[in-house]
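Labels A, B, C and D are assigned to the chains in the order they are written; within every chain, residues are numbered from 1.
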């Protein structure tokens, strides 16, 4: 399961939500895949780690030590924003937390690659055809419920 | 200048718009960069080629012969959807024509990488902060006018 | 630590050597990074797994299920041979086992990126300047001894 | 046709050879693909440009202005050494001029991807099976003769 969201966010509600979602994923025994840096990525990783889960961080730069403290396996890719594609491909389900251009890029790419997406507090889109594989969540528990349903799927 | 849009579109109005935009770019002497395949990509390339311009096609697959007939320089990348990042990076200005998940992924990535974007007949987004570098166009000539303004910029 | 080598090899001595090197790496508690497919990659992964270590497989294709049975974390990259760069970047030390064009490409890239390399039963090169970070091993235990020395480094 | 070689070389004989090879390729009307930076890449590009040919530069960084002065089409990839794969994939024939780890990595990758290679003043390899698609040249004209033969092929 991948969690994507703004790496520079300092919004306490957003970070708390990401941490709770990470804890649910890690507590269920699923591997958490993230971009390995700060903000939402670090909060989700912290939650997963504390819940006993494992965290992979796919870093944009060339050095593993840029990873946040909760990443178990830090893979520096040197691909810049190209690492986003790897995050999405590595996941069976993608969870978006909050909105930013980078987050939107990952979510759109996930849908392009047929990964189902849950988006908590994301941007609204008018235009896409009805898409049952892009679900809006209104709170972290709702997001987790959808993730669990899909993974049972 | 990059033109991005659905590669499987057969909508005559969309393809005519892409061709007209391509013709404007090529006629102005700018290099057109596209993903090299069909639909909007092929229509824009045809327009640029007929107007005397040059067209680069950055292909997702491993073989140059997948390029449409109007590509002058076909570069097979073997990167799959990862080639979208190259299309956006190669451009000073990105023009979106129509909506699809792939198109949205490229436009969001372009904004993430600070490329200005004109989007003709695209999806609507509610959420992003005011962004003067993402302009909506209502017809091909309007899109071209914005592109020209930015390139003069 | 990354182990690289021919993915199509069926040479029993080569595969046994790869398995023994994998076992040493895994038994020491280091993460093994490989290309995730067959031949030398699968043998090294099996050794590491049986010794209690963890194995990351960075796959060239788009589907995780192409990974060999001993990979704990299978990351499909969709980058084709571009995944080789990720294998090398992810490692502090690269071990080559046997010779092939792909193996040579990874070893040369590792040296280009300043990763130290031990090469067991590899091809001979005449031309490079003296390079203390490319060591030839004559047996698996010698390769492991060099890896251990560098990681203590 | 791609020309690869050390980007930091200041060896007059090597640079003169690269320029002559570039001139042959450009004069024949073939597109020259290079990594777009200095040394052998710049010399080959200069030769091709002066002979009336076109030059594509696939740059490792994110900015087109890092390209040498003779590049017609500068494509910043942001992929670091990952751009080497694109150089090789874009070419039907690869010409190596001189030796370095980066050059060897590109040549090995070219052979892995079944591109034929001519290598002028390169390193010697002992180990690969007989390979009629890796030819050693002893002077620039010999390298060009082989390139022309293959392209007629």
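Please note the rule applied: a contact is a pair of C-beta atoms (placed from the backbone, for glycine too) under 8 Å apart; a residue touches a chain by one contact, two chains touch by 3 or more.
Quick caveat: nothing in here was measured; it's all calculated off a predicted structure.
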{"item": "Cα superposition angle of subunit A on its copy subunit B, in degrees to the nearest 5", "value": "180"}
{"item": "Same-residue or different-residue interface between subunit A and subunit D, half as cut-off", "value": "same"}
{"item": "Whole-Å gap between the CA centroids of subunit B and subunit D", "value": "30"}
{"item": "Distance between the centres, which are taken as Cα means, of subunit D and subunit A, whole angstrom", "value": "41"}
{"item": "Subunit A: positions in contact with at least two other chains", "value": "62, 78, 80-82, 85"}
{"item": "In the complex, subunit A residues that touch subunit D", "value": "62, 78-82"}
{"item": "Subunit B-touching residues of subunit D, taken from the complex the two chains share", "value": "31, 33, 54, 56, 58, 62, 64, 73, 75-78, 85-86, 89-90"}
{"item": "In the complex with subunit B, residue positions of subunit A that touch it", "value": "80-82, 85, 99-102, 104-105, 108-109, 111-113, 122-128"}
